[in-house]
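Shared chain: chain A. Partners: chain B in the first complex, chain C in the second.
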Partner chain A sequence: MSGAVVAPAPLTGPQKRPWRVRTREARFATMLLIPSVVVVFGIVLYPILRTLYTSFFDVESALPGDFPFVGLENYGKIIGDGAVWSAVGRTAYFTFFSTALEIGLGIGLAVLLNAPLRLRWLFRAIVVLPWALPTIVNAQMWRFILNSEYGALNALLTQLHIIDTYQSWLGSPFLALNMVALADVWKNTPLVAFFLLAGLQTIPSDLHEAAVVDGASVWQRFWRITMPLLKSSILVVLVLRTIEAFKVFDIIYVMTRGGPANGTQSIAYFTYVRAFSDQNFGYGSALSYLIVIVILVLAVFYIRALRSTTANEI
Partner chain B sequence: MSALTPSRRYRVFVHLMAVVVSVLILAPFGWLVIASIANDNDLLSKPLHWIPQHPTFDRYLQIFTAQGDNVFAGFRAGLLNSVIVASVTVLVSTVVGVFGAYAFARLRFRGRRAVLLFFLSTYMVPPIALVIPMYLVMVQLHLLDTTLGLIVVYSSFATPFVLWIMGNYFQTIPVELEEAARIDGCSRLGALFRVILPLARPGLLAMMLFAFLIAWDEFLYALIFTSTAASKTIPVAISEFTGRYTTNFGLQAAGGVLAALPPVILAAIFQRQIVGGLSGGAVKG
Partner chain C sequence: MAAARRDGMAMRPDHNHNLTMSRRGFLTAAMGVGAGAALAACGSGSGGSGAKVTIRALHQQQAGYSASDIQGMTAAFMKANPNIKVENTLVAYDALHDKIVAAAPAGTYDVVLMDCIWPAEFAKKHIVADISAKVKGLSGLDGIFPGAIETAQYQGKYYGMPWLLDTKYLFYNTEMLQKAGIKPDQLATWDGVKAAAQTLKAKNIVQYPITGSWQQAEAVICDYAALVGAFGGRFLDDAGKPAFTSGGGVQALQFMVDLVKSGLANPAARTSVEDDVVKTFSQGNAAMALNWTFMYGLANDPKQSKIAGKVGMAHTPAGPGGKAPGVNGASALAITSGSQHQDAAWEYVKYLTSKAVQDKFATSSLPIWKASYDDPAVQKAGTPAVVAVAKTQLQDMILRPQVANYNSASQQLQVSIQKALLGQETPQAALAEAANAFTASS
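Entry: the complex of A and B
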């Protein structure tokens, strides 16, 4: 999906109020929430449950009909299917590689965005660009730049005498996977940076001023003040990026269609192929629940970590 | 940073890095723009001509004027569909979501946290897990291959997002301001419209921009639910074209530039609000 995100930062509730006020408030709250509930659950609840239901049947077509109930057989098949595990492995690699780079570069970029720059507004407007670029256009752009015959990257690198033969950037499985990840990094690092910049701006400047008085270097201030205070923002962004990266589909669809030799087939792309090209909906449904489960595990794991770091700070 | 006087070396370093980053960001996108106006011979030449010798705006012109059922008209239809789908989605999810966000930010009710988590959990489910049954429902409701169908689906995932961002943003606005208005005779809703929303404008703008981007960017549902120019969005039009005409780089690039323009222009205009919206809405609880 898109680069825009939802942050699971803790919401703090309003103060306790008398009981009568609270029932009146509850009724009012219900009224206010009904439209959202209708729009969201009216549309997604049925599909969520339906997919779970379908995952217990041997469904070989999109059309409704009578299909044999197979219980957990589809899930059993997943465990025995080597192709699933290689797709999971590639997705894990993609997720780790892209998220790590995005966070690392994002921290640097956030510090830079916060630095005393001339023409800062211009720099910010430039940094916004990849974030606003639609994912499909980003994918198409990189596919075009990385083209082995006419791509700009090969032309640039040979004209600068860095390489002397044209490389097939998307031609071998592992290299292609890394290239797709780099295209993802190019697009999403600005988002990470803007998130972290928001965190940076909440750090009171007198902390840095005091450290300067005490003779701390830029480097020391970064590690001793900025990083610790940025930790919870970093974790939030880590959660969001990991979840998004694990669902990666669009960029792969356009850049490589899962190839070469399935080298860039992520688990979401693999599920898409199973469900739509092979018309194996029961299996496809079970696979998509596998993604849901992995994401939930990751989310719980991260939220725990998030809680413990925020607890440490207070 | 007021009392700090960063050393000269640091300042030079920072500016140098800003230039490097700007080049890394602008170069690929700049190449897309150049390719969209270079003629095919320049694009397929070796060594590559970086500066087009005969720049042409023909592709853009054709996209906007070509008649009949062709790829140019397809891009144009896609752009129009995307504008409609994204704008209406923003409208629906904002109107619906702002009320809900207010409830989460200001009211106390049973199951508040659980309902909120439920909303957010819909965001974690990959679209691939919802798309098959949704497709069947779309068929039954005759919403397949319509922009309305896409708007309905997009609103369902843009709304939790509005709830979350605006809910957090509303909390950063002091309750006292609202209470003062209510003492002066405002109802709760009156205070929401007259006090909270005007104060939340930066957050509101940022949130609407994000919602627009989500809808503009969406691909999987559009890929599966749309089949003709009646509803195909621009990402679908582009992906189909890119898949089919692998070496027509010029036209690929022109379509890409046009698809990128609306969100890029909006983001450039509202860049201040993006950072403000994030700091007010998302990171702080």
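Entry: the complex of A and C
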């Protein structure tokens, strides 16, 4: 490692320094690196490896002890566990639904925020607010809004005469899943919008001007100029959001705790319950590796897609 | 290993070291030791052996005692025991179990609040220490309600000292009942409650007369348990096998399902925990609900309730067999097995659970000591209406099953109850599914 640090030192000309100085520098550099090595190993690598190790044992206590080695049994159990696959199914639905809406709305918002409006800075500041809220606060807020007794949504919809009686928005499994996804959309759309806004601002305005001269309509310009040039930004944000959505936990923890009747139990929440409430740490570790594998597959798939689009542009 | 690090032993090396120090240093140290010994002699117990120790306690937010109550008792304890410093952490009930488990390997906490459904699990997994010797050494142990003492035990051993004694009562809105011409006596049975709800609904006094905490959480098991007891059912038979799949267990769930189907119970009960019940009831959107003692104070507080002064509180209603047990919701203070200061922790536990301290804070939570309920000062502090009903209700409580895999079994039961309440499955089929969880890995 220290060799790599020394490498950029100038190797040519009369300035080449004696090796004593160089080793002293190398030692100094190593010392500087130690804290980050400790941090990376201690809080990133060690838990990752430890979890992998745990997943091969039947660990059913948080305290140290002798736990039987079970090989791949935990992984086998996962494959045979129907509850895992229904949790994966719900998570996939949540991921698809929330990410699709976030990207759709995000594009619209980004185009609006990029338009030469007056007070554009103010709109941008307002739009970023939902994203600035911690997820826990956002989830608690939506829990209040959707409350069937005193929630704002029921009050609004009855006053607009859209519904007659108060609805229990989180009361039935599928509706609750959609509502949780909407709360996630509300929070994360601004992030998507800002990513895409940055992408929009890299599109040279003369392309649009030239298209206007050629008589292209607004829609034509959007589909022929904006969208193709925004594609790589969209892909980046798609990768980020899909991976984040697949790991969804906190919003569910606050809003529904996986209920009703497990209707909103995502795979991450399921894993948490197995590991901590049931104290089945071996099984929980294996489950978290399942999540990692799914995310890795997604990431590889997306990176491929990204690479091919950038290649096309060049 | 833990024993070697206890306060008394830790003093010794310091003491030897002092012998080789300068004269002044030696004198100072000797005075310190002398002062420590004097304090110990004053009766501050084994915690006062001279060395100052810090213990950490994990409490529950909003469980009888308020945060300021707990802070108050802790401050008084530290004043009486200057050698023990206590640092408190408070978390919500829903996070308490997982926090205890997650903190166990690090030994973060010395004292933890243990709900009555956890002793089996925590004992089996060695998360909390067996403190039978300490508890049995207390005088007047038989002066504690049996319902409280059994929640700290598992297989005859004590894994904690009971502290919070609570059960669910039936709360009702006196004004609504009066309007409908219903006498509170009618609420002594579940049939009477159902009939009252029908009258209230028919007279359009309230849209959904009954509510409950039936969210997918431990809360729904508590309401269900009270009904199981009333309908003469049991969770487990004598052999430890699930017994709620027939008889009272099924009737209890059928009763809940019927309440929802007929519109007598609020459909929102399925997404409510106890706090939500308080809000619904305090807003005047429910006439009757089961809830813990704390609702009495909140629903009578004009600042946050529209129905202050109109709150009635009664025993849990009886079922067809005449039984009316409340759900046992007691919690105990336990000492973690990883604690380095077992003796100091016990001093703290002993202090908080003592009759004197519990009597002093009776307004927030009623004592575990039977004698307290005849003390006029406690009756006044605990609100006479509450103490009167508590005194007899606390004699008869149903305990949720004490199995080591309680948490996962309970989750399955929660899901099953919800499926039945949503009409996805019949109570019979749903409960049979949950029974598997109790047998699978007990």
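Points to keep in mind about this one:
Assume the second predicted complex is superposed on the first by the 276 of 314 C-alpha atoms of A that agree within 3 Å, B and C clash if a C-alpha of one lies under 4 Å from a C-alpha of the other, contacts with A are read in each partner's own complex, and residues count from 1 in each chain.
One rule holds for everything that comes next: a residue touches a chain if its C-beta (ideal position, glycine included) is under 8 Å from a C-beta of that chain, and two chains touch if they have at least 3 such contacts.
Bear in mind the structure is a predicted one, so any value in this text is a computation, not a measurement.
By the touch criterion defined above, A:G258 lies against chain C but remains apart from chain B after alignment on the C-alpha atoms of chain A. In the superposition on chain A, A:V273 makes contact with chain C only, not with chain B. In the superposition on chain A, A:F144 contacts chain B only, with no contact to chain C. In the superposition on chain A, A:E60 makes contact with chain C only, while chain B stays out of contact range. In the superposed model, A:Y46 makes contact with chain B only, not with chain C. In the superposition on chain A, A:L133 makes contact with chain B only, while chain C stays out of contact range. By the document's definition of touching, neither partner reaches A:M227: not chain B, not chain C. Judged by the touch definition given at the top, the superposed model places A:D250 against chain B, while chain C stays out of reach. Ranked by how many residues of chain A each touches, chain B and chain C are led by B.
Residues 62-64, 147, 150, 257, 276 of chain A contact both chain B in one complex and chain C in the other. Interface of chain A with chain B (complex): residues 1-14, 16-17, 22, 25-26, 28-30, 32-33, 35-37, 39-44, 46-48, 50-51, 54, 62-64, 108-109, 112, 115-118, 121, 123-137, 140-145, 147, 150, 152, 155, 158-159, 186, 190, 194-195, 197-199, 201-202, 205, 208-209, 212, 218, 233, 236, 243, 247, 249-250, 253-254, 257, 268, 271-272, 275-276, 281, 284-285, 288-289, 291-292, 295-296, 299. Interface residues of chain C facing chain A in the complex, by the touch rule stated above, are 94, 97-98, 101-102, 104-105, 121, 125-127, 215-217, 266-268, 270-271, 276, 279-280, 283, 285, 337-338, 405, 407-408, 411, 414-415, 418-419, 422, 424.
Contacts from chain A toward chain C in the complex involve residues 60-65, 147-150, 166, 168, 170-173, 176, 256-262, 273, 276-280. Contact residues on chain B toward chain A in their complex (touch as defined above): 1-4, 6-7, 10-11, 14-15, 17-18, 21-22, 24-26, 28-29, 31-32, 35, 43-44, 46-48, 92-93, 95-97, 99-100, 102-104, 106-110, 112-113, 115-116, 118-120, 122-137, 152-153, 155-157, 159-161, 163-165, 167-168, 171, 175, 188, 210-211, 213-214, 216-220, 223-224, 234-235, 238-239, 242-243, 247, 249, 252-253, 256, 259-260, 263-264, 266-268, 271, 274-275, 278-279, 281-285.
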